[in-house]
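One structure is given below, represented as structure tokens, and several questions about it will come after.
Order of writing sets the labels: A, B, C and D. Residues in every chain begin at 1.
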Amino acid sequence: MTSYDDSRLGRARVSDNPELIAYYDELAKVEAGALWTVANEIEPWYPQPKSVPVLWRYQELRPLVHRALPLVKADDAGRRVVMLVNPGRRELSAAVGLLYTGLQIMGPGEAMTAHRHQAAALRFVHEGHGAWTIVDGQKLRVGPRDFAVTPNGSWHEHGNESEQAPVVWQDGLDIPLVNALDAGFYEVHPELYQQPGKVVNSSVLSYGGNLLPYGMEKWTRPYSPVFGYPWEPSYQALLDLAKAHEGSPYDGVIMAYANPLTGGPVMPTMGAHLQLLRPGQATTAHRHTGSVVYTAAKGRGYSVIAGRRFDWQQGDIFCVPSWAWHEHANLDDAEDACLFSFHDFPVMHSLGLYREEAYTADGGHQPLVQDSER
Amino acid sequence: MTSYDDSRLGRARVSDNPELIAYYDELAKVEAGALWTVANEIEPWYPQPKSVPVLWRYQELRPLVHRALPLVKADDAGRRVVMLVNPGRRELSAAVGLLYTGLQIMGPGEAMTAHRHQAAALRFVHEGHGAWTIVDGQKLRVGPRDFAVTPNGSWHEHGNESEQAPVVWQDGLDIPLVNALDAGFYEVHPELYQQPGKVVNSSVLSYGGNLLPYGMEKWTRPYSPVFGYPWEPSYQALLDLAKAHEGSPYDGVIMAYANPLTGGPVMPTMGAHLQLLRPGQATTAHRHTGSVVYTAAKGRGYSVIAGRRFDWQQGDIFCVPSWAWHEHANLDDAEDACLFSFHDFPVMHSLGLYREEAYTADGGHQPLVQDSER
Amino acid sequence: MTSYDDSRLGRARVSDNPELIAYYDELAKVEAGALWTVANEIEPWYPQPKSVPVLWRYQELRPLVHRALPLVKADDAGRRVVMLVNPGRRELSAAVGLLYTGLQIMGPGEAMTAHRHQAAALRFVHEGHGAWTIVDGQKLRVGPRDFAVTPNGSWHEHGNESEQAPVVWQDGLDIPLVNALDAGFYEVHPELYQQPGKVVNSSVLSYGGNLLPYGMEKWTRPYSPVFGYPWEPSYQALLDLAKAHEGSPYDGVIMAYANPLTGGPVMPTMGAHLQLLRPGQATTAHRHTGSVVYTAAKGRGYSVIAGRRFDWQQGDIFCVPSWAWHEHANLDDAEDACLFSFHDFPVMHSLGLYREEAYTADGGHQPLVQDSER
Amino acid sequence: MTSYDDSRLGRARVSDNPELIAYYDELAKVEAGALWTVANEIEPWYPQPKSVPVLWRYQELRPLVHRALPLVKADDAGRRVVMLVNPGRRELSAAVGLLYTGLQIMGPGEAMTAHRHQAAALRFVHEGHGAWTIVDGQKLRVGPRDFAVTPNGSWHEHGNESEQAPVVWQDGLDIPLVNALDAGFYEVHPELYQQPGKVVNSSVLSYGGNLLPYGMEKWTRPYSPVFGYPWEPSYQALLDLAKAHEGSPYDGVIMAYANPLTGGPVMPTMGAHLQLLRPGQATTAHRHTGSVVYTAAKGRGYSVIAGRRFDWQQGDIFCVPSWAWHEHANLDDAEDACLFSFHDFPVMHSLGLYREEAYTADGGHQPLVQDSER
């Protein structure tokens, strides 16, 4: 790998001197500057994310999330969410890169007003059985480990129809991306609430078994017509694939939640994966452009990210910054372990920025960084 | 609807005379002709298919198909198939338009050699439980009402591993289309037999629940990576869709077997549908360019095609020529009825030739043509 | 190359016997047949077109075409066209494969009524300076060697505004293809004539220099928004390309008339090429699926097609059937020679049927077939 | 237009109190936070770019740019560029949004080393006749007002082969975008210099007249195969279009530099336009997501951006931030005026974030903001 040696020919190698400093001052007066003073910084040899790897333990977050329930009313909070903030991305409220994530809690019987925004959203349920969401007039019920999407621009409102227990689900949004692109819009629903259609989960019912509804109005929106991906068939799909294929060396048996009309990602800015690590499996490391938020959906294991080991169990959330080496392992010798994840790979692919590299030394496993080296 | 009045301005209206006849003779000598002598014929007001609607009763065909078993050896026949031939398309061995269909029978323990051809093929199983096919090295087992594809150019070989009963399946091919386009190729496998991969139905296992395998070699072929669509999940998909949607006025609840990577048809020249008519349902009529071969997959009903009624029950096969009005009805008041069909709509769409029209008179139902009018 | 040996394992090898003949009779009664009686014929080892190579000399055709002028009125003829008919395709009025071509003559001041059809049409002007066409309301003026399109479904009418001389242009249509697919429609314009927009050649003016008009209504039709491709810039494009590239071994310097919005062919069923053979150049042979009609646009040369040599000069028209070996040569040592051609490759590509093969023996040149061998 | 009223139902409306502040402290300890404390800020009603409209006068910049020539050696500077920095985007070295621009000067005979980077680059020449660039082995010569691209990942090196005068060209890059996405890579060419092919401007020569080279290796990269768009044919295309169409109400006669293989933008992250304002024309205002850098290519006029008027003449550069109202006017009553511009609309379209709105009040013209209101 190229070392970061900026005295090389082909890089800026200018030392300041009084004449230059005077020149820079003159440039500044006309809203200009000398490229060579920043060139090496803004054109790095390889990505230099400010995000760092972080693991958020669900058992630590859970009591804090539940405490929010009496502290603020849902509709006063907009949404009652504990967001996960990367230490390197506090000014953007991002969990990693340009991705936001948080844990939202809704008490029994709660229901919130409807809004829509240019940012896209997704949900992954952690606990509770009464959650519902209405997305562009379609009511969905979601239970633990179900995955659902609220594509950019779609009206949505949520609630919990359980009489007993709160619901906690994880939100994933591309808010920091949309803001970085100066493209954010927000609207409150003019009627405050949508009138949902009669059939619950209608899009889930309409797309099964590798068949597509025929003879209906053509779907022309840039996102999946399927708004919900329940856990059971998703996990079953993974188990079936595991019978047919070895899987990826970096990820085990891994699948992408897909738009069945295009084979593409569920939304134009964010995709989501579900992956299975076989009992005892330890993958080898790779790195790629694009940021990822992982949620342990089943079992327990660890991931080594940029040389640091993070142990996880169901409910835990962690992130992998762009271009960081990472590998995953299942710590159980009898049960499989599953990771749900969402990411901005669709952005990388659309813009021609996706790159991937395998870690080839040491049998594909990173050496662990000592704490003193950090 | 425009009547076929060729004396109109804008159509050829030339009467022969001696001078013209002499002129035509001179043209013929240099491999030429006068367009106006054929213009009205080759540019009709609307499609003039030579195919006619036909229904083939399975109970009539079945004994004939079974008789083929002792009459010819499978490998001597190439394939032991009773093909269904439209009275208007005998010179092309077509069932309708440029589509071929036939019933293939394989005895217990039979296995045939492998070949491939430019024509695309599909299968729909009528009876027997031992059928298998190997498509490009992938072994598939198919049972009654399962649908499977052998895309153009893929090596394939078939057999019946049952020890008791023969298998009868229906083949659908685009042979007449490929021949019309002068594009047919045929090859016998150099080893006569393929070496199948270890996992049976691997492509069926790999594409489930609206998730796609990730991190594998990119699929670049112009057809579905899924080679089999078993009956149970396909029928379930239809039942689920029926909960969410009313369906099409012309077809009831109808779905297309899809390429999950594109949302397109299973193959570039032929698509397939599965449709459900609710108990007692009678659809209204429409017509479209493109030819269709239907197979009754469940229940009993009738279809009115170009003003003639054809009653069908499970196993029966019938065809709808291009631009013929057609409508379907379920004759059972308690059970649903299902039609499997395959067609050349992908050709119509790719070439910009698809057109569709609803029958609006008489509540959408065609008057029946009297036998004397035919 | 595989020889056509049908006694091989993997092909039908059944001899008739009385029992089988009786069986065939029974099948025929229920509109059925035994596949093995036709299998080898309908599944040939490689394409077996009925079309043969033909060259039509313009100097032979021209007097015949001009004689049509007084013989029939344009509007009585529909169009006053001498069509070129392949000896193997007379029943389809095809020049080769499923392509039609003809020479249309329009007298000074003539103008015809407007119609539209599902078949697509193109024009290549042979002689005369007054030709015009109105395509979907857009008036185009076309002169010698200009290329213009009338995409499927577009209203069109033609005329000749010269006061002196007739116009002869060549029509190319996919009528036989559209008929083979049972998809032909024809309509006379309800007003008999269109009201053209004010700007002549507006689409030619709107798409220049690898820039596209911006901020206008989105073009959603499946064909090129450019309806005319004048000779001068087309020939210049070829000369420019010849500076930058060696060209194709089979075709010399060759370009495709393109839809600038997609980079695809001008229409979904037919494409067109313009190619330049450098002085003295002789290409090597190849063959491909798809049929081609060539018109010598400049200079003189010969083509060897399926082992027969055809000498051509400007204005001559010839055809290459699917899968026939062919190669081209420029007979002039000082001037370049150009061939215009149109073909059904878009069909081959859309349907996954395109195949191509280089002739590798004998330095890439076919041996000439002796007349006695034909 | 919705006012920014955050006390509304549907927005965060929580006031701090001691209990909440304690809670926030606890959240911070586990790298978490309360969404409602930032929700209104990170989900604004409409885009809130930090960029402001700026105009950079070429006559002010030119002497500063020329002074850089003796101050730093080109290869020590990496590139000798005066970059234009938006007062609101200094930390990103961006001219507007996530776009970078600068003026690069190369002295007579200068030539620099080759590198490549994940960021995409484009050039628009301001002065001098000796400029060349080698992009992925293809040498291009560019003169005043020519437009050229260096797509992401392509090797490139530049120089000036004039013996007399320096060259000044404008660079446009998506560096801030690529950095925001943590996807930047940079490499110095292993040989320091490329070996260019023999034909200069070969891609410009290969794509002319709405024809595409045929029979060559398939182009599979996600950007235009044309690397140069010279001024003369581009301006001619605009003049031709002006004959055929009125143009856009917001932009006059406007065209997009296009990838002729797809009709899409020249690169996946940046597109470029050329537009012509007729003598005396004043367009009406609109706004859209996406940032734009404009360069006056011909004539003189003014633009009103977010209510402020900016007068420009040839060589001046100005920017329009996302969602800012803007309109343009030609101040000359006899000559047309032209604006070159580049933008990130391809990002907006790929990610489903493009929105546009017309200014409908006051005949489409913005009232001018008084300086005291700013």
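Operating definition for what follows: a residue touches a chain if its C-beta (ideal position, glycine included) is under 8 Å from a C-beta of that chain, and two chains touch if they have at least 3 such contacts.
Chain by chain, the UniProt names read as follows: A, B, C, D = Gentisate 1,2-dioxygenase.
These numbers were taken from a predicted model, which means no experiment stands behind them.
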What chains touch chain A (Gentisate 1,2-dioxygenase) and also chain D (Gentisate 1,2-dioxygenase)?
-> none
Provide the labels of all chains in contact with chain B (Gentisate 1,2-dioxygenase) and in contact with chain C (Gentisate 1,2-dioxygenase).
-> none
Farthest CA centroid from chain B (Gentisate 1,2-dioxygenase): chain D
Report, in whole Å, the distance between the mean C-alpha point of chain B (Gentisate 1,2-dioxygenase) and the mean C-alpha point of chain D (Gentisate 1,2-dioxygenase).
-> 52
Cα centroid separation, chain A (Gentisate 1,2-dioxygenase) vs chain B (Gentisate 1,2-dioxygenase), in Å, comes to 44
Chain B (Gentisate 1,2-dioxygenase) residues touching 2+ other chains are none
Chains touch in the following pairs A-B, A-D, B-C, C-D
Complex contact set, residues of chain C (Gentisate 1,2-dioxygenase) against chain D (Gentisate 1,2-dioxygenase) | 199, 202-203, 205-216, 226, 229, 233-234, 236-238, 240-241, 243-245, 247-248, 250-251, 254-263, 273-274
Mind pulling up the chain C (Gentisate 1,2-dioxygenase) residues that touch chain B (Gentisate 1,2-dioxygenase) in the complex?
-> 2, 8-14, 19-20, 23, 26-27, 30-36, 38-40, 42-49, 51, 54, 56, 60-61, 64, 67-68, 71-72, 75-87, 92-93, 97-98, 100, 102, 113-115, 117-119, 152-153, 175-189, 192, 222-223, 267-269, 289-291, 321-323, 344, 347-348, 350-353, 355
